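Labels A, B, C and D are assigned to the chains in the order they are written; within every chain, residues are numbered from 1.
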Amino acid sequence: MNSFGNIFRVTTFGESHGAAIGCIIDGVPAGLRIDERFIQSELDKRRPGQNSFATPRKESDTANILSGVFEGKSTGQPIGIVIYNENQKSSDYSDIADLFRPGHADFTYTAKYGFRDYRGGGRSSARETATRVAAGAVAKLMLNEIGIKVGYGLLSVGSIDAKEEDFDFADTSEIFGLDRATEQAMKDEILNAKNSHDSIGGKVLVSIKNAPAGLGAPLYDKLDATLAEAMMGINGVKAVEIGDGCAVSKMRGSENNDLINKDGFVTNHAGGILGGISNGAEIRVTIHFKPTPSIFIPQQTVTTDNKETLLKLKGRHDPCIAARGAVVAGSMAAIVIADALLMGMSSTISNLKKVWTK
Amino acid sequence: MNSFGNIFRVTTFGESHGAAIGCIIDGVPAGLRIDERFIQSELDKRRPGQNSFATPRKESDTANILSGVFEGKSTGQPIGIVIYNENQKSSDYSDIADLFRPGHADFTYTAKYGFRDYRGGGRSSARETATRVAAGAVAKLMLNEIGIKVGYGLLSVGSIDAKEEDFDFADTSEIFGLDRATEQAMKDEILNAKNSHDSIGGKVLVSIKNAPAGLGAPLYDKLDATLAEAMMGINGVKAVEIGDGCAVSKMRGSENNDLINKDGFVTNHAGGILGGISNGAEIRVTIHFKPTPSIFIPQQTVTTDNKETLLKLKGRHDPCIAARGAVVAGSMAAIVIADALLMGMSSTISNLKKVWTK
Amino acid sequence: MNSFGNIFRVTTFGESHGAAIGCIIDGVPAGLRIDERFIQSELDKRRPGQNSFATPRKESDTANILSGVFEGKSTGQPIGIVIYNENQKSSDYSDIADLFRPGHADFTYTAKYGFRDYRGGGRSSARETATRVAAGAVAKLMLNEIGIKVGYGLLSVGSIDAKEEDFDFADTSEIFGLDRATEQAMKDEILNAKNSHDSIGGKVLVSIKNAPAGLGAPLYDKLDATLAEAMMGINGVKAVEIGDGCAVSKMRGSENNDLINKDGFVTNHAGGILGGISNGAEIRVTIHFKPTPSIFIPQQTVTTDNKETLLKLKGRHDPCIAARGAVVAGSMAAIVIADALLMGMSSTISNLKKVWTK
Amino acid sequence: MNSFGNIFRVTTFGESHGAAIGCIIDGVPAGLRIDERFIQSELDKRRPGQNSFATPRKESDTANILSGVFEGKSTGQPIGIVIYNENQKSSDYSDIADLFRPGHADFTYTAKYGFRDYRGGGRSSARETATRVAAGAVAKLMLNEIGIKVGYGLLSVGSIDAKEEDFDFADTSEIFGLDRATEQAMKDEILNAKNSHDSIGGKVLVSIKNAPAGLGAPLYDKLDATLAEAMMGINGVKAVEIGDGCAVSKMRGSENNDLINKDGFVTNHAGGILGGISNGAEIRVTIHFKPTPSIFIPQQTVTTDNKETLLKLKGRHDPCIAARGAVVAGSMAAIVIADALLMGMSSTISNLKKVWTK
């Protein structure tokens, strides 16, 4: 199914080389100022073709808002957005129509559906993530109304780590590097992989600041579980960590527990979430992107009728999907938090009365 | 909300120290032989009080099946299961009623709901996971019909790693250790923590073998995203990895891509999932449990009216939640796969005709 | 599937002649005073065996609340309720095991599931509606917090109509008759049918007073559509009308439109709902129950292996399901309104700020 | 929320006078031949401006399929459809911006959202139903694969009844009249109302033939409940009847029960549904449309700041929404049945094995 979220719910459509991609954003409360320039500026961050670290495929990625906004404000009705595909070169893909690209969804789509739209990966293309960024931008406008900020950036590329977390810098970096000091080394790591006709993985940090305590739910809509679902659902993500993440399995309770004093939590091993519910501290999510499966080194594979062959890929691809993936991760986080805010409104009778009693 | 799954949908209720916990399992196809002894044997694996590695709290954890089964077979109607709580000692908790235990959900539940049921952690207690195991057992009976097997076990405890993956051995181990050779060292690691009035984290592997290719969905119900949600939703889990997981962020595409030959995938870095859909290879999920937050070393915290105090915990607790957590993880995986099987039936017109044309 | 509602969501289980029936009520805001005597008093209204107008089957219908309540108040966690079946006489049903009763779900359950639990109709028995009444009682407690009242009663039985709508009287009537003047005639109509070994249909009115304007949603969760779904989902209901209902198809716009003046709507043809959203006027729903399909006149039917036979029914049955059905209808209406109140909280940014801004 | 259906799920967006309306159709099985001419021909039936019985507003209502179809077949991915608005005359509405039209959603939208998009009724305009017809057309293509036929037409307009049910004739009638003999009288009834600056209600029959037994679910996704929800969710519908509908409340069991012989059900009072599940007989749904609320007779109302005023409407409106509403009703029925077919695939273990075992 192609929807995400409960009240703030995003439903998307579209393939890489079809006429258009798009989404319907449902559940946006009425009266939100919809700043179209902000939405476009978010899309521009993810937009390909802007530098040597991303695919040279050029798309204007213009968001056409078709509904749900009247005199600059959300009406409470679904916001329909269409982004037309402009720079399709379907011919690039004709020679992969009959084989399965390693690391791609070609084999599994065919297994599930009996055939596949092979043009540019069809629905499995990262192109679809533009609609997530558009929806995330609307979510951010909503978060902004109560002061919540979403930051994101590259924590590592291959063997190069960021030592600092500077979200403002990441915002200006072509690769969304979190650390001014190691950004160039990260870029070099990407270009090295690219020049070897290969690709490279990367790690992204998403940070949500100023979220109120009380977001999420105890057991089956845990905020961390929903974040994990959202992040693992981004193309190429293979691991999700909350707070100290993997490291906790090596810790003792006395190290891992965040003590509390009058001013709040003394440490933040938990990454801002306890028992599935936000505790008011910074929410921290780390995600691991695999290297782009599209590489130009010849690879062994089989045809759709199971004959062995060698794949020699052409086309235009990102050497490191983690970079632009960071933008998508920030957007998905915004959507998760927006939905949690709306779902959380009904948690107490006191809130119910606040809203419904004149 | 307290439901999980789309068609195979489990809804649970119950607190640690209330009258009972239970679940409703909806969407079980009619005609499944419901082996009650198998369900009970699954519950017995998770049951506390059986050895020195788990809480000494004794519960028989008897599954009472109240509906949905007729003459030994599922009827297609919801299966209601109740497990009564037997060994409540609410008095153990009276002295924590007015403070927030570090690492627990006390603070966040209070933030969300205005107050909390403080008896044994209430809904946040791992006791609720017994219902997941009961539902998972029903899912396993269904998976069994088409030959799918779910294995699980401890990959590491603190600094001790399993070097082998022996799911049959894990099934007989008191701590579900995956490696006969390191199981004793794992036990020692747990007892060391326990004897220091502390606790220890651990890492669990879940393996699904013989799942057909084609399970899952392209973008918003990706099999890996749903597994991530399911696993991150288990108490104490802070990280989820699919296949090579975190390691992929340091890899190049030429290392990470699984090449394909006539016999299938040559390697399995992907952990059996490509583009959100199973590829027929073993599905591999690794999850990281934090150390039990309940420790007996005094800890700094605040009261519910924000006065600083020292928590000196009493009660009965697991020194390493990863051990019994492994059973829960296996159960949740079974539920995810059962739901994916049912959801996947409608993926092609050819299947539609197979079912509906006489 | 066996759930109803979005946020205030009820999931039920249980068959007529199994061990128990029950439900899980999810989404109840924390802090609601849960008056168990009120819940029981609601169940007592629907309870069979109290007079000659209902089946003589005796059940105490005791609601056992197993979770979600602490110190008399809802905790925000799911409320699990179990009602044990006490007075099963499965032997009554052994002679219908191999045939399809006309007007019943025997044929269709077998068509869908391949076999059926034939004891007392299994899941299709109206017994399940006790869980709806329990959940409806919790909903009513919530509605009460903001002053909304649900009334219901019999508008007609066979050819006897109520001329007045006296919800207080209906509450005291054994058959929930709305009009003191015609109640005895309605009773006679029921007993006449019963004495002829037959049954009789009836019409029920549900009225919701003091609901705020703004409940519901424009197009796919219209309040009237959800009410229609809820009502048509009650056993034996074959028609649902909102406001003037069927009569509107014979009207002109100038008759049907409710004019508006400074004090509000001058008339209420619309039944309190315009464009799927409540307008602040009384919400009026009329529903039509078919006569009980279980009658004692011999009926032509076929066996499960399609041999023609004559059904001579035994057992205990209501001669007019509309009477006790009225209680169920009132309960379902309460659930619909409770859910609409919770869903409606997030309709504006102004509400969002009211709840989340300190 | 703006979605309908579980697996075959339609999500729509768009207002009367915005840039476009559209929908995303999710869950269409892969491999369905998508006949675009058929989809367009369905839209053409509902299209306004074709005769004197509908609004003269002219729209080409061209369906632009943006995704989910490859080489003429559905791919299993969401089908995105956009229909551009062409003939907006927003100026027509400027003089109603500050008042509430009787019988319309103006008052309730404002109550819920704080303001409204007043252009042409915004989201509440029947214009949105074009997307339902597009989605219904795709559903019909799917139904066609297993031989299910949906018929519909006008049963009555004001005081004129159809005496026959001729679905083929209705398909050729400008007003979808079911009876050639009374069609002209129905037309006259509409024109009489129109010429009096008034409008008129009508009754529509929807018939589904050749649906297999076994569609629907016992209690909370009853086929009749879902049909009721779907039909009551169409603009202007105030009552829904299944089979004999309202008449059953006056019947005895011996009249209403459909007896069964070797060849099936002898009568069809039930309208093809028993216990929420189809029984293989014709499924019959009757719905009642109110008269168009937009009339040209001056009406008393209030302004948005509650000053009394007289509404003198201008613009272009259908004198009888039941006529074009019949097309929408048929489309919604097709969507309901398509979803029930897909949901019903997983009802037995035997089906599960049929699909998943090689």
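In this section, a contact is a pair of C-beta atoms (placed from the backbone, for glycine too) under 8 Å apart; a residue touches a chain by one contact, two chains touch by 3 or more.
Source: prediction; values computed, not measured.
Counted by residue number, the contact pairs of A-D are over half the same as those of B-C, the matching pair from A-C, B-C or A-B.
Interface comparison, B-D versus C-D: the pair with the greater number of contacting C-beta pairs is C-D. With centres defined as mean CA coordinates, chain D is found 44 Å away from chain B.
Distance between chain C and chain D, defined via averaged C-alpha coordinates, is recorded as 26 Å. Chain contacts: chain D has residues 1-3, 7, 12, 27, 30-31, 76-77, 109, 112-114, 123, 212, 218, 344, 347-348, 350 touching two or more partner chains. Residues of chain D touching chain A in their complex: 1-3, 7, 9, 11-15, 18-22, 24, 26-27, 30-31, 64-68, 70, 73, 75-80, 82, 109, 112-117, 119, 122-123.
Chain contact summary for the complex, chain D toward chain B: residues 7, 27, 29-32, 74, 76-77, 142, 145-146, 212, 218, 341-357.
Against chain C, the residues of chain D that register as touching in their complex are 1-4, 6, 12, 100, 102-105, 107-109, 111-114, 123-124, 128, 156, 158-159, 193, 196, 198-203, 212-222, 224-233, 235, 238-262, 266, 270-271, 273-280, 288-295, 297, 299-302, 306-308, 322, 344, 347-348, 350.
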